[in-house]
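To keep things simple, chains are lettered A, B and C as they appear, and every chain counts its residues starting from 1.
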Amino acid sequence: MPLYIAKRILYTLPIMLGVAGVCFMLVHLAPGDPLVSILPPDASESLKQQMMALYGFDRPYVEQFLRWLGRAISGDLGTSIRTNRPVVAEVSKAVGNTLILAALATTIGFVFGTLFGFIAGYFRDTWVDKTASAISVIGVSVPHYWLGMVLVIVFASYLNWLPPTGAGPGGSDAWQWNWAHVRHMILPAVTMSVIPMGIIARTVRALVAEILSHEFIAGLRAKGLSSRGVLRHVIKNAAPTSMAVMGIQLGYLLGGSILIETVFNWPGTGLLLNDAIFQRDLPLLQGTILVLACFFVLLNLVVDVVQTALDPRIARS
Amino acid sequence: MSTATLATETGQPPAAAMAPPALLEVRDLVKHFPMKSGLFGKAKAVVRAVDGVSFDVKAGETLGIVGESGCGKSTTARVIMHLIKPDSGSVRLAGRSPGAGGLTMKAFRSQVQMVFQDSYASLNPRMTVEDSIAYGPAVHGINGSDAVRRARRLLDRVGLDPLRFAGRYPHELSGGQRQRVNIARALALEPRILILDEAVSALDKSVEAQVLNLLLDLKDDIGLTYIFISHDLEVVRFIASRVMVMYLGRVAEIGPTEQLYGGGRHPYTQALLGSMLSMDPDRRTETAPLAGDPPNPINPPPGCRFHTRCRFAEAVCAASVPPLFVRGGDHAVACHMAAPGSGHSQAGAIS
Amino acid sequence: MLKAAPDALDGPIVRSPGYWATVWRRFRRDPVAVGALAMIAIIVLMAILAPWIAPQDPYKGMTLRRLRPPGTDGFPLGTDELGRDMLSRLIYGARLSLFMGVTPVFLALFIGGAIGIAAGYVGGWVNSILMRTMDVFFAFPSVLLAIALSGAMGAGIVNGLISLTVVFIPPIARVAESVTTGVRTLDYVDAARASGGGAISIIRHHVLGNVLGPIFVYAMSLIAVSMILASGLSFLGLGVKPPDPEWGLMLNTLRTALYTQPILCALPGIMIFVTSISFNLLTDGLRSAMDIKA
């Protein structure tokens, strides 16, 4: 087992390298030259040359990549062109905000998803199953950013129960765990939880139905195991995979939060990304994507290892 | 590490004394499978599935191959078919190796065919029965409608009404019917040798009997040569004229059926064939003939593979590999007790 | 030794229905799946027949008529923020939304499928290289990758298509590789090799028929995601650019009406939702129909 973990960790390194490569390459996909957002269009040629040399844009790509990578590993992701603050600072502030939201959303999604999935799988092919399954399909099919808008319309506009946007009075810098702030989280978190809920529900349903259909369940029942005992057994067998799915969903939410954060103006990495794109703030764009992608890779690694620990069959395959 | 070689004691390969040269000659076949482990998938252990196997198959005979699970029977079959590439060794059909000496792999393939154990997995679930059978001929250049006609004729030959079965799919057939289709498919290329790898093992007994009789009929009609691999010793006794006993990737003994079943010379043969339970109440089996578990082919014992379970094992058995010694005629044994002067206290005693 | 007369062999034989015919028969009996198929057919028809059924020009707007509610005279679903008829824009929007949703998946099906099948059949180091490359792209969450690529390349339909296709190639390639590897180890492929078939012949006759089904169904399941992603891109201002009608873009531009005419905001989203759920239900039904236990 420790060998498996070591192998898995070692395997992550080339992937991270590839990810870094893709991040780096993104910038050079951009049309136009990279200085277009820094310099005014009528800048002199010599100024352009100077800036190119300063930023290192005139060197061969491989060299640029390695320098950028070297700096990134030591914690320097460059400076945001727009705000002139270090990218690392911007990103770390935003990541915390997104993480809170994503964690809450994943939890909601997991709780309800498991609930719906479980009763759907347990009472398979009855109306309970059909209803629960319908809810999960809806969860997966709804464009979540639109749902966010609808929730804003209903809860903020009509009912005036919850605030529509933002992260609370004083903005994100003054975050506290009180109701005044937390109430800003409710709508975005619920919106974000819908897709994970749908996916987890469908997964759990399939798992539960599959486990229950195994012949050894009939054997256990024949031996007199109570329904609660069967229940416990099902949970034990379904737990590893469902936790894995939850972990992955958390990763997706971290990476894909941009849409919701745009709707709700939540100051997380998604909003940061949005700003970076539209202001062509390439260092910020690169840095944010790199951080998010690395998070995702590490999360996958953790999920893999935990799942293997819970279900040793995987390591043997 | 020496591999078992055909007998050097008499100075000639066993079948050379007889007039017709062997149809199929297998020499020193070796196939090892690396087991991947370690950080970068480097092979840490090796499964020695086939470790120096040599034998001849004469035209028109049925050679049975028996042995416990893991002894390498199926791997040998697949290596002969060149579905798996051998690490070393040669396979010659009528004296020529495929891929050299004027015999292309495709031509070789049309002369040596195989029927697999799993009748369902051997047929493409998306192809009709006649298309499956016609595939081989079509690949060899026979045009479409002729191939189909040949397929239907073969269906009839194996006892399936072509009008009822040709357009059906494998999942609509029973196990026995599917195996008949597999036989028809194997015959579609008009081969000289048919390898049957546990071909009847998965069938019900009554169906098994029917298919065995079909095989015997076909053999007489068409003049086929069979290699019949099975773990069912009674069936092999029924159908085979010569039997080869394999143990852990090597040949233990090879000879005419009744000589081996009457009392083979290799201790393993005796244990294996002696372990067949008898219906005769006077011949009760009191003790199990074989002790211990079969060792696995990853770390086989040195020297004679069987020595760890052999009642007659001595120091020489662990020290060197016994060559395949010809007792006379068709019968050869790989045991130190057979070859005089091998160093075993009973050397020469069983020859 | 023939039991039947020789010319009887050319006679009519009993032909069982093929695999896809059986799948269709089972599919037909599932009301939800058929309903979903019908819904998609309606939406596709709507897109194709847009020039004939839309009452107005989707690009023409009058500032005087901005943000009228549904039920206004001559504008059954109201007008948008530039005074254009909502109904017409929704109908025309089907074209771009469907196009942006479905095309990347089909392109990815071809490219990813080819990569996966090749990797699965050939195996060895070729497989390793191809799949490890896919893994690098897999290491990004799809939304992030799509936005990163579009963001870097800039807005526009073509860029949006490219980035979405790139997002979907790795998962399809992975499924293709896994299914192909599974099929390749089966005995009937060995039997085909033993019959003398070459690689191309075996792939064509034995592998493809057994592999395309699962790959195709998987790709179908991605269409709903693709539609949401594509409209999401337009929502953010990447992808389709104004004034083209596209449902996601409409959601973006109508945000200003969130507090004044909220119903208008809801409408394009409903269209995306209905299309997306129809594709999901269709895929579910197809999967059940294909799950034939012999």
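Going forward, a residue touches a chain if its C-beta (ideal position, glycine included) is under 8 Å from a C-beta of that chain, and two chains touch if they have at least 3 such contacts.
Worth saying up front: this structure is predicted, and the values here are computed from it rather than measured.
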So which chain ends up closest to the centre of the protein, judged by Cα positions averaged per chain?
C
Distance-maximising chain from chain C - centres being C-alpha averages
B
Cα centre of chain B to Cα centre of chain C, whole Å, reads 50
Between chain B and chain A, distance of the C-alpha-averaged centres to the nearest whole Å:
56
Could you grab the centroid distance between chain A and chain C? Build each centroid from C-alpha atoms only and quote it in angstrom.
23
Chain C: positions in contact with at least two other chains
none
As the complex stands, chain A meets chain C at residues 14-16, 18-19, 21-23, 26-27, 29-31, 137-138, 140-147, 149-150, 152-153, 157-158, 251-252, 254-256, 258-259, 262, 273-274, 276-278, 285, 289, 292-293, 296-297, 300
List of chain C residues in touch with chain A within their complex
132-133, 135-137, 139-144, 147-149, 151-154, 224, 228, 231-232, 235-238, 248, 251, 255, 258-259, 262, 265-266, 268-269, 272-273, 276-277, 279-281, 284
In their shared complex, chain C is touched by residues of chain B numbered 78, 81, 83, 105-106, 109-110, 113-114, 116, 118, 120-128, 130, 132, 135-136, 139-140, 149, 152-153, 156-157, 161-172, 182, 185, 188-189, 221
Chain C residues touching chain B in their complex are 1-4, 8-16, 18-19, 186-188, 190-198, 201, 205-206, 209-210, 294
